[in-house]
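Let me give you the structure first, and then I'll get to my questions.
Letters are used for the chains, namely A, B and C, taken in the order the chains are written, and counting of residues starts over at 1 for each.
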Amino acid sequence: MSGEILKTISRAIVALVSECRIHFLNKGLHSRAVDPSNVAMVIVDVPKESVDSYRIEAEKTIGLDMNRVFDISKTISAKDLVEISLQDENNLRIKFGSVEYNLALIDPSAIRKEPRIPELNLPAKIVLDAGEFKKAISATEKISENVVLKSDKNSFTIEAKGDVEKLTFTMAGSELVEFNGGEAKSMFSIDYLKEFCKVANVGDLLTIYLGTNYPARFSFELVGGKVRVEYILAPRVES
Amino acid sequence: MSGEILKTISRAIVALVSECRIHFLNKGLHSRAVDPSNVAMVIVDVPKESVDSYRIEAEKTIGLDMNRVFDISKTISAKDLVEISLQDENNLRIKFGSVEYNLALIDPSAIRKEPRIPELNLPAKIVLDAGEFKKAISATEKISENVVLKSDKNSFTIEAKGDVEKLTFTMAGSELVEFNGGEAKSMFSIDYLKEFCKVANVGDLLTIYLGTNYPARFSFELVGGKVRVEYILAPRVES
Amino acid sequence: MSGEILKTISRAIVALVSECRIHFLNKGLHSRAVDPSNVAMVIVDVPKESVDSYRIEAEKTIGLDMNRVFDISKTISAKDLVEISLQDENNLRIKFGSVEYNLALIDPSAIRKEPRIPELNLPAKIVLDAGEFKKAISATEKISENVVLKSDKNSFTIEAKGDVEKLTFTMAGSELVEFNGGEAKSMFSIDYLKEFCKVANVGDLLTIYLGTNYPARFSFELVGGKVRVEYILAPRVES
């Protein structure tokens, strides 16, 4: 796979957990995990069509220290070709250029149980440039710990209130890539949203599925659509 | 106005104070303040011709937390068009692109009294690239806390003395944009000069009016001459 | 000399010591020093042909605070022309553009005695791009404190072992600039190697002379071959 894919997967997961299970499925790579506070879930999928070569004898699950994989991925260029292989029951080999890492696996049963992905009925769907969202969230963090995401028939707004100031970020339906005008409003922790956005760059698509005082889904299409990273985040209740 | 103007004004003022009065005068924006130690004064002027549109019902003075304005200005691109308006007696609105900030005003009477601008009779006038001055000041700070600015009929020099070394920065009259060869010599705190220079970039003009053991004026022409920022700095007396 | 040469010399020396002797010899500049732990030696040579102008009345040795020279060199551009001269018995003058530094000398007899350069019989010779070596060393430091350098008839390898992972960097003889296939293997401290590499950039040549559990020589050709910096490093013994 390209170095960019490994960088993206590991970045996406370390936003919430340090250790996780990776499933080598017939259809490709899959991973999901819930953060220690049970506030957010990450779901990562890399279809086998997204990588240059994919060969498994049987479906298999391994446990990995993703912090180490993320550190290793920082030494890889986005365009490097990376070969990942299971050498034996205990080691994952990550190879690129003249470099070879051998990383000890973690027994999957020693890693926290994987979450069930919830069915959520969310009225509003907003599709926008992930870079725009990232910029807005980054501006809110100086003002407050929480941000209100709101959708009505005209526009999608991001609002943060501080002691002496209020920031409102408004995008009309016509300025969004896709927008269904559904009514929804929920408040979220800025810290989590900021972590989610780290995986994304200008030009990546972000789809937000929003309800009212309800968990929301933030679904990123990354690396030119080759990697899908979805975060589900519990709302904060306004006091 | 352009984002660059708001960035420049707020940067200029936070060099000395966090809260200040802004005057919306018929001729444009004006602000001035003295730092808490009474060592330096900042005077900012933006003629109404420097902004894209300027409309006031009557001259008005407001109080602002400039640190917050400066933070907000960091999220604005230099080329963004920014609209600043008084929404009511209590709020300033700063609007650019899809973003809107509402910032609570401060009662001007709660802010430290504004200084009178002193009349100074200063024999030496030196005009140079602000970027050159910034670079020189930045080099001195590793050596000493103070710097001596000196002008004689031949040249303008910046001198810093440390325990084991001396740095001399010499510019002949012919290397300066303008120079009257006046005799003057005063010592100043490098920390203040460094703060002043943060507002300026290579290509901005800086005019220094210098006396002997006397306050000096550092007058910056910024944003292509649209904004004038002047600092007046008290000298340090050599022991 | 060019600013780049002064930057390179001072960077090379401060990797190991803060004060050192500089010899102004008929053939050019020379300096050597051992670090306070006696683990590494640096040898710097700048032939007089490498500088734009070189004039000495007699060979002379001075003592310098290289940390200060290094700080000063940071304010110089690589392409600036720098003039270094002894003004009197107590001062070195460093002049570039409109800037002049006067730096107090240190009595050479107050500086730690210079080392004798050892004769080392080292079977393996490896020549590679210093930038490649720098990148590899930088990747190892997250994993371990030590790195094993190994040469056999086929390839040169850099190996680091951590608690849960192993990094191997392998370069076949054909991928190296020059390689004699000598058998050798020694372990070294990553901290030292990292310091050595700071002096080098992509495109600089590094020649490594390696033995088995024996000191190695790391010889850098810098500034287009105008400056030679050699480090000799004692091995660590595997426990």
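By definition in this document, contacts are C-beta pairs under 8 Å (C-beta built on N, C-alpha and C of every residue); 3 or more make two chains touch, one makes a residue touch a chain.
From a predicted model like this one, the values you see are computed outputs, not experimental measurements.
Visitor: When you draw the chains as points and link the ones that touch, which shape shows up: line, ring, star, complete, or other?
Guide: The chain contacts form a complete graph, every chain touching every other.
Visitor: Can you report the angle of the rotation that maps subunit A onto subunit C, using C-alpha atoms only, to the nearest 5 degrees?
Guide: Nearest-5 rotation angle for the superposition: 120 degrees.
Visitor: Counting in whole Å, what is the centre-to-centre distance of subunit B and subunit C, each centre being its mean C-alpha position?
Guide: 44
Visitor: What positions in subunit B touch 2 or more of the other chains?
Guide: Within subunit B, no residue contacts more than one other chain.
Visitor: Subunit C touches which residues of subunit B in the complex?
Guide: Residues 135-136, 138-139, 142, 164-171, 175 of subunit B touch subunit C in their complex.
Visitor: For subunit A, which residues are in contact with subunit C within the complex?
Guide: 65, 68, 71-72, 75, 98-104
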